[in-house]
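Read from first to last, the chains carry the letters A, B, C and D; within each, the first residue is number 1.
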Amino acid sequence: MQMAWYPSKWGAGDEIGALHSLTPQKIVDAARLVKTGRTFNLAHVLEDGIPSVSFHGQFLYSTFHRHSVDLKSPGKLNDAGGMNTRLIMADHTGTHIDGLNHISIGERLYNGNLSEEITGSFGTIKLGVEKTPPIFTRGILIDVAAFLKVPAMEGGRAIPAEELRECVNASNLKITSGDAVLIRTGWDKYWMSDNSKFLGPVPGIDLSAAEWLEQQGAAVVGSDTWNVEVDPATPMRGADAVHQFLITKSGVRMIENLYLEEVSRENVREFLFVCLPLRIKGGTGSPVTPVAVT
Amino acid sequence: MQMAWYPSKWGAGDEIGALHSLTPQKIVDAARLVKTGRTFNLAHVLEDGIPSVSFHGQFLYSTFHRHSVDLKSPGKLNDAGGMNTRLIMADHTGTHIDGLNHISIGERLYNGNLSEEITGSFGTIKLGVEKTPPIFTRGILIDVAAFLKVPAMEGGRAIPAEELRECVNASNLKITSGDAVLIRTGWDKYWMSDNSKFLGPVPGIDLSAAEWLEQQGAAVVGSDTWNVEVDPATPMRGADAVHQFLITKSGVRMIENLYLEEVSRENVREFLFVCLPLRIKGGTGSPVTPVAVT
Amino acid sequence: MQMAWYPSKWGAGDEIGALHSLTPQKIVDAARLVKTGRTFNLAHVLEDGIPSVSFHGQFLYSTFHRHSVDLKSPGKLNDAGGMNTRLIMADHTGTHIDGLNHISIGERLYNGNLSEEITGSFGTIKLGVEKTPPIFTRGILIDVAAFLKVPAMEGGRAIPAEELRECVNASNLKITSGDAVLIRTGWDKYWMSDNSKFLGPVPGIDLSAAEWLEQQGAAVVGSDTWNVEVDPATPMRGADAVHQFLITKSGVRMIENLYLEEVSRENVREFLFVCLPLRIKGGTGSPVTPVAVT
Amino acid sequence: MQMAWYPSKWGAGDEIGALHSLTPQKIVDAARLVKTGRTFNLAHVLEDGIPSVSFHGQFLYSTFHRHSVDLKSPGKLNDAGGMNTRLIMADHTGTHIDGLNHISIGERLYNGNLSEEITGSFGTIKLGVEKTPPIFTRGILIDVAAFLKVPAMEGGRAIPAEELRECVNASNLKITSGDAVLIRTGWDKYWMSDNSKFLGPVPGIDLSAAEWLEQQGAAVVGSDTWNVEVDPATPMRGADAVHQFLITKSGVRMIENLYLEEVSRENVREFLFVCLPLRIKGGTGSPVTPVAVT
């Protein structure tokens, strides 16, 4: 039987979703995972030419003011020059998080909100990324590529629930409520080394895996590809089935384009995970610099 | 005697500066400050019309793709609509961090780098904000406005070292090496309620206070104004004297436009401070969403 | 009796409007107005800080690539450096033309098109400015400010039909079918000299004047203010009544922010008028550089 | 003997270059070429996905305000909705003109100006495209593709002076002082039909042809490719030799990405040519919509 997927279990007006499971106790427990004082940056560098899905458009940036020019500005009295750069980008650029208003099922968003009723010239008036609480929680790495003993999985290769479960078991880890689950496929090696490969068909979780992750209590699901979910999906499932299930039905955040090579190499499997999206009003996502701290 | 200010004490090639004091032990100690599991968001919302110094230009953003339109896209087979927004901004927008390449003393930047030698069309090839380590450290709030028993200090009112010291003492706090020191003037109440006031002359630390903070070991200095330092500065000192001392000479990061009202009201004085700049290659700063965790 | 305003007199599918009156004969006649070989630029310079209605947002531009940097680019073999700038702007920036899709009457645009049916992520699929024919026609200047013997009219001062007619008569001119009619109020003197004045209440034509101009056969109506029409309009008429009548009902193009001081000073009253909008697909207007040639 | 190429023949301070040859008589004569009253648009449509040289970056635009949303704006009293789009682009986008400050010979620009001395955060303080006079002159089409009886010339195929001369002779045309000379290679057929072909090696004039055109008096040289000059150039000449000769040494404007298919098909060889660049202060070029009028 098909269950109605809204209102969400957190109430009809809820805009937070699965991040409700970041309780004070969860936050305290996550902080206790910090034992060695090492930090791992999980974001790619934002630079000219980074891969970008055409839906989002190219990342453009450039030097704006320069010290040498600023020093000669009219009225300038002291010897302090300033510099800045200007950025042009979609809210889904580089390593980024998807907000609860990013994906619809037909015309409906998370918690049954109708897209047209809440969308304006400046994003949406509900579910905007500015309402995302700071993500400060336990993180675990599910290193599927290492489990399969490959540097990178094949493009288009699905990861079903069963395989994900085996991979977690093999690590002696257990997903708990509120966790950020990061799934490594090895795909980040193509970032800036082979961008057309990076943007092509990618390995990733299928719907069964997404459902299993949600049942285990994952509040955040991330991966090292541009889609997290396998692409192209099977003919029987529409593409974006994972996005629709996780984000729209379940209120789970997704993080794309993570850099997971270093944590894999250093055998980091459990950590404090922190991710702090820009508070773009009505925004549907944000570039982020997530970190793992051990 | 005027001391040469470069090479820095971390070596001639250093691009990290005072964040070297975020040692593993410091990071572990900072994590231990998390006891109640509460998080406080220290960033303003990025929205249409936010105050912006003219040097940086207006923050522009708008809805780009919409679910309703995307659902009708050519070749669309399933019922998943996507949405995003497009952002146009300086790297110094909203609540933001200043990188080590932001401010010069004449033509020279942190560690004596010559601006013109390292500046290109895409920021600088050294000192870029993408090299900033994750800022995960002890934070303390110096609540000068509360100390002075005013809702907000006067514009143009300087905070000298002596006053800052008294204020810290009154809180029974002590600045330690690697701390992020957040100075509250009450100015954030004008954000979006009176933007021309917000952008006008502001209260802030003077050079004596900046020197004292650096001596105490502060790695990060932030405030709730657009400048951290008092503006306008005294006639005897050029404006930006604090920026030059902290960033260019001392390798200390500055954070501007913090939202400190809530931590003040809740009497939060010591906390884990986390700030994760976007990794903009060669960027001179980044919008950020810093958090305090207790 | 209120007449239905669509379909337009040029047919239900028409996307050209009053520019249909730019017949081959009209174009030949317009060219014959060129007798002295003088050109007059009717556009303001696009520069940092130009006035911009908040609906459209700030004009931002900045140097992007520089010769000195480009000369040092990897793989550069010769001694040719290149430079460019990057522009960020609304299609209604500086001196600009309004397209037939710019203004609605309720949900309907020119020729009865429903806004939501033709609007997508990249402008509209009908009525876009890219379909505007080259505007090459007779132009006449109605110099109301000179007629009133004032350097500039008062903000908020309406120009009714009767006054416009008298002013044309006083010049011994006659509006003919397909003309571009430029109405001078003297307001361009405030451009970049007093931008807040420039953007405030402006003198301009009222609805009676717009109706009269359309009856005379004007295909284009321009002025030296940001609105062409008086602002604020009278309480009995909604603002934008002129825009709705000219653009939406009558298919007449409007041009805003014209620079008319020079043609006024040089007593140029009749001329070849050329205006060539950028062909932005689905765009609702375009910055332009119109010229008068005598 | 190598002649010094600056100061230019129009004086050391000149910023106009070869457009000085657009004398009043030339303008009057050009207007007299209008006999049938037909206009031909020579610009491609600016749309999502148009080809763009990586040096300039992608053309990005999107719907900003919409009528349906604007109608619901707070304080909206009447039934007029407004719409606009936002554009992000290099000043060299789509069909565009190159300004006199676009290309350097080493560090020097037209008339010997040193790039670094005149370049700031907002383009250059001399030679900016805002100073370009309205281009209103005689245009002629040199249809090399038709002359060679091919739909499009081969990529990388140079057009030397001799061939250009023969082609002009075959048309019974003569280049005269101040002309805009448009060279058709047939390349515009690849615009949006095969963008990677369009951006690849292109047919175009070589240095001998550029020198010959300048001797004939051409004030403007345009073509239907992204480079006008052949690319790649011969190993003996650096790429951009034509740009350097025409723009930097000779003060001749170049126009790229012209749409010449229609004028070719209609056998239009001589016409009034009008091109009106946006007046971007310090800009190095401008997207344009040139027209041919017969």
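Just so we're on the same page, a contact is a pair of C-beta atoms (placed from the backbone, for glycine too) under 8 Å apart; a residue touches a chain by one contact, two chains touch by 3 or more.
Here the structure is a predicted model, which is why all the values come from computation and not from measurement.
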{"item": "Partner chains that chain B and chain C have in common", "value": "A, D"}
{"item": "Which of A-C and A-D has more C-beta contact pairs", "value": "A-D"}
{"item": "Chain D against chain C, contact positions shared by both copies (same if over half, else different)", "value": "same"}
{"item": "Centroid spacing, where centroids are CA-atom means, of chain C and chain D in whole angstrom", "value": "24"}
{"item": "Centre-of-Cα separation between chain C and chain A, whole angstrom", "value": "45"}
{"item": "Where chain C touches two or more other chains, by residue", "value": "57, 60, 62-66, 70, 86, 88, 119-121"}
{"item": "Chain contact topology (line, ring, star, complete or other)", "value": "complete"}
{"item": "Chain D-touching residues of chain C, taken from the complex the two chains share", "value": "23-28, 31-32, 34-39, 41, 43-48, 55-57, 61-68, 70-71, 77-92, 94, 101-107, 109, 115-116, 119-124, 130, 133-134, 136, 238-241, 243-244, 272, 274-285, 287-291, 293"}
{"item": "Interface residues, chain D side, partner chain B - complex", "value": "60, 62-65, 86, 88"}
{"item": "Partner chain C, residues of chain B touching it in the complex", "value": "57-58, 60, 64-66, 69-70, 88, 119-121"}
